[in-house]
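First chain written, first letter: the chains are A, B and C, and each begins at residue 1.
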Amino acid sequence: MEKNSFNMISLPENSPHKQETVCIFGAGDFGRSLGYKMLQCGYSIVFGSRKTKTSSLIPKGAEVLHHEEAAQKADIIIVAIQRQHYNFLTKLTEVLHGKVLVDVSNNLKINQYPESNAEYLAELVPGAKIVKAFNTVSAWALQSGTLDASRQVFVCGDDNKAKQRVMDIVRTLGLTPVDQGSLLAAKEIENYPLQLFPMWKFPIYLSIGLSAFFFIYSVIRDVIYPYVYDKKDVSFFIAVTIPNRVCPIVALILLALVYLPGIIAAILQLHRGTKYSRFPDWLDKWMLCRKQLGLVALAFAFLHVLYTLVIPIRYYVRWRLNGYVISQIKANRTDPFNNTNGWISDSYVALGILGFFLFLLLGITSLPSVSNSVNWREFRFVQSKLGYLTLILCTAHTLVYGGKRFLIPSMYKWYLPAAYMLSLIVPCTVLVIKFVLIFPCIDRPLTQIRQGWERSPKDSKHSCYNDSKSAV
Amino acid sequence: MEKNSFNMISLPENSPHKQETVCIFGAGDFGRSLGYKMLQCGYSIVFGSRKTKTSSLIPKGAEVLHHEEAAQKADIIIVAIQRQHYNFLTKLTEVLHGKVLVDVSNNLKINQYPESNAEYLAELVPGAKIVKAFNTVSAWALQSGTLDASRQVFVCGDDNKAKQRVMDIVRTLGLTPVDQGSLLAAKEIENYPLQLFPMWKFPIYLSIGLSAFFFIYSVIRDVIYPYVYDKKDVSFFIAVTIPNRVCPIVALILLALVYLPGIIAAILQLHRGTKYSRFPDWLDKWMLCRKQLGLVALAFAFLHVLYTLVIPIRYYVRWRLNGYVISQIKANRTDPFNNTNGWISDSYVALGILGFFLFLLLGITSLPSVSNSVNWREFRFVQSKLGYLTLILCTAHTLVYGGKRFLIPSMYKWYLPAAYMLSLIVPCTVLVIKFVLIFPCIDRPLTQIRQGWERSPKDSKHSCYNDSKSAV
Amino acid sequence: MEKNSFNMISLPENSPHKQETVCIFGAGDFGRSLGYKMLQCGYSIVFGSRKTKTSSLIPKGAEVLHHEEAAQKADIIIVAIQRQHYNFLTKLTEVLHGKVLVDVSNNLKINQYPESNAEYLAELVPGAKIVKAFNTVSAWALQSGTLDASRQVFVCGDDNKAKQRVMDIVRTLGLTPVDQGSLLAAKEIENYPLQLFPMWKFPIYLSIGLSAFFFIYSVIRDVIYPYVYDKKDVSFFIAVTIPNRVCPIVALILLALVYLPGIIAAILQLHRGTKYSRFPDWLDKWMLCRKQLGLVALAFAFLHVLYTLVIPIRYYVRWRLNGYVISQIKANRTDPFNNTNGWISDSYVALGILGFFLFLLLGITSLPSVSNSVNWREFRFVQSKLGYLTLILCTAHTLVYGGKRFLIPSMYKWYLPAAYMLSLIVPCTVLVIKFVLIFPCIDRPLTQIRQGWERSPKDSKHSCYNDSKSAV
């Protein structure tokens, strides 16, 4: 929104329109910053404070009065003090009656108090119209005008008119009010600025865990093993070769884990014969972070692509290729072209490219602005159909990469299979079960269940399901 | 919007505020799902049904009454039944008078009925305030809370207060209401969830057609021809080599087709001497899907880039390069560096990189959130100026790639020119006509026409236009 | 928003609902286009004009009357005439009393008049309710329906009801109204369509300047120097080699310049002992365009990646590598593998890949739709923590690339150091100062200052700051 950014600079100079008077309780940093910003935008500001001595910190042009006097001067009172000092407000109940009280407070921890600060305020001053707002904006951002992230101001309140008036102030300050409904939403709004990527935690920890495991696994197989047996020092593999082995593995496993909960849910629904009983908690949480899992997988796939494309630039690779040519010449021999190798090399590369391309498409459609502009049917089509196609292509890419290698005993160093083989377990499981689930005799009851149909207890529960399983 | 996702989980546990009572007609899957969700968010729910026996499917805490009794209990009635059963509502006209009736229905086909379901409902129950909402949300999504795509709920209605109340409910459920104006919009809102990428159909079919044609064309020239004449089996070209020939061709043609309709429109306007007569239907439709055409072209260009960058990793390419070195050594000869080849190879690569880079910029600015934050002038600058620059760079890239090859007779296998030559026809045509159109003596009248000026019939229509044409 | 695009096509055919009558003053291009569009959407249109003769340009179905008569017929009057002709409206003050007057005008230059056109209109017709709207939409877009960029219509006005009515019209036309508050915002709204990437100007000019300097610098060192001394013509370096030297340098410098103003601000705040005095103007502007600086840097980094990845495809590189192999064979010698070189080559590549990956993440989070869905804490985490990590990785990438080369005298052609050395000055400075600033004895007072604390004049200003400086 470049539109608004110049707003911030240009407004101070030309604000001939005088806006209404707003009272701010509390002359702490946030109160002062907000007052400064509002003065710039043409409001008259009166601070309500215990000591009415104007300090140098109070923005120029603002008045400082005792709480009661200040409250009388304005219709809208912004309460910029901490929750633990709210109780003095009970003495002002009369003056505050019918006025709009804006709660801007934040807590230090998520769910610190049983009720939200705004609801607590509403209990203390029952006659006032409480509106929650501004808590998502930082004092620093208000003053400096660098509001890149936090243009959105969540506003909620039970009185619609009061909410509208506060939203008008928000808009005048160059911010975007987002109506969040009744005061019930205050708790979430207060928790919101304390979060640090809550939905991303599980995917990121999982991917770090997987990466660490496969990194150590590959170091043992590819660095320590040759050092122990051949005294060959290939420690520099840690920089590019090993990461390029770990990244595709983690990406493939995470991608498969995006589709696994859907399959578990389908099996649960088939087993229970209804969709109306709740899933276990872990499954619910897993399903809610599928998007994040997929995006982390995409990040690893992207790293894999970059690591792969730089291969021919690496000194080690050039040195090895040169050595190969020189050895051929010294042996006075030219390797003939192997058509099978040509096919394997090219189809493996092609599968990878197509898989990555579809994966990227999935990632783009999960951008908020893109997913908002598609309807439910389109979103399902992309995320489900294209998603499974991506999984199939990436799994095939890994399978063809392996080729017949899994048959060669020398690949099992210290009896450890190559890391890529481990990576195939989850995706192959997911694909096989999914393949079973699209069999008509399983798909039909599942669709019925999802449309709200319930199996009566008399139904022979397992008939069809078992049949098809034995068929596979 | 991670903000809202935790909303879904946390709300059930802490909803001390009691919301109003809402009545739901119809206890089908969608009605029950909506009821379940609303109960979670603190609403009291009463179902209106033919049979008032509480089935196990009805969410716990909801009441089930006969339609009439249920309707009396609430101010807002959600009609979650199918259109063909609406007529029983005429009997309830009296009870429903002045109440808010929310139509949530969807159809099975686009434009199934002459008027929208909501308008039909408004005719049946003239005293009620009809609001269309919730039809874009799926029952499954409501229950499971996995609302990635469909947070947006389009709301329309003729009564503003009724609409606001429904929008408040939408917000409380953690969804985003989007006001679509009067009930007139109901038809579109009902068609919306039935669409599957309507604007993408033409570009995608076109690109599939072009890809198929050029794929077969290249297979004939590059796989079948050497097999027939040299008995050389290069069938593995199908995996990477041929796709990497098809992708840039389709990308270039599609990119040119983005700019062709604008040029046809300009010629039409010049010819007619006015901008106020409608374009033919096909041109209108073509112009409306230019963005999608461009994005499909970008996808093909992206694939071309990936296919090109993996070239040095391919087994075939390494084998051929090794063979070249070995043959040089056997002949005891070192090819001297050819400066012209250096220039051609590097400038061809550089043009491709710059063209792709600008193409990507165009793609990024067409993301909804980015294009919303630029103004009309900026958007025109990017899409028109940068767009033509991209087309010029990509065409030049192809021309330099060809180099002097089009003069070599051996390139015309079976009298077929190389595929890249065919790909140059459309972009070169577009660029030449555009070049003619920016001649001042053509640009001036065109600008006038676009500013609303009309050529009177007496004007000598073709003078300037013809002059410049002969000049070129 | 595909949703709305079909709107434009489908509406004309089925608009049974008759909307209200709207009057348009002025039958120029924009007035006619708007009238045409509104007729399509079901409104009755009456044009107010000096000459009431219906010309062929007036859309079919619209009436043309004298201004006074036309104004009487409608409640909403759209003033589609230029500001300099507004004064005739004073004669109509009586008729226009209480009516909604929509100002759609634009100026030719930014800040052309002291007050906005809408405010001027409000002065001329004091009894009317002035609403500013539609100025961001072009006449051409309204008619052709190709509204890709400009769906957003900024609306402002002092009368809320009048504003709501205009916003309803906007919505009916398939556009998105954006409420900008009171008429105070009219000036910005009028300036908005005249801007051409105002925040991008400085970053783009700066990057062009830097690119030009380093391009010429590199041409002198890498093309002219070998030509003068060795008579070697490597002019083709201009296409790929030199750009691939310039791009990473400019990217790194620009990235460092993103973090420099924050550091200068911190030093200023430490020096002044308060955050309440304004920064110098240039620093404020610099801080506001950091996002744009970063994105331009990302563009250069992206070009660098592409230029690097095509290296092995280039004719020159292949020729040189072949020559190297052939020379080795002729000398009957095989270079042994150098482990240090393996480490340097691979770690340099790995640092670059990780740096670019994080850089891309930063770019994605600065997309409007993504940055709107993160809170202030998350945004700070990404932009500050990840941002510095990116800068560290990219600087390390450049340092390792250089390796020990800066010690070799032959690298200083004509006493000019290699360009990459110059590029390290700014990022290293930034990183060193940042490292000093996170020392606890400096970080603590800085945090206090940023939380609103002020150093009283008696405080020994420099104690801690100086201490730590000498310590470093």
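Going forward, contacts are C-beta pairs under 8 Å (C-beta built on N, C-alpha and C of every residue); 3 or more make two chains touch, one makes a residue touch a chain.
Just so it is clear, the model here is predicted, and its values are computed rather than measured.
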Copies chain B and chain C touch via same or different residues, half shared test: different
Angle of the C-alpha superposing rotation, chain A to chain C, to the nearest 5 degrees: 120
Chain centre separation (chain B, chain C; CA means) in Å: 24
Set of chain A residues in contact with two or more other chains: 1-3, 192, 195, 197, 309, 312, 325, 329, 367-370, 372-375
Of chain B, residues touching chain C in the complex: 1-3, 115, 154, 160, 179-185, 187-188, 191-192, 195, 197-199, 275-276, 284-285, 287-288, 290-291, 305, 308-309, 311-312, 321, 324-325, 328-329, 334-335, 337-339, 341-347, 349-350, 353-354, 356-357, 360-361, 366-381, 383, 450-452, 454
Contacting residues of chain A [partner chain C, same complex]: 1-3, 5-10, 14-17, 19, 28-29, 32, 42, 56-57, 136-141, 143-146, 148-152, 168, 171-172, 192-197, 233, 235-237, 239-241, 243, 299, 302-303, 306-307, 309-310, 312-316, 318-319, 322-323, 325-326, 329, 367-370, 372-375
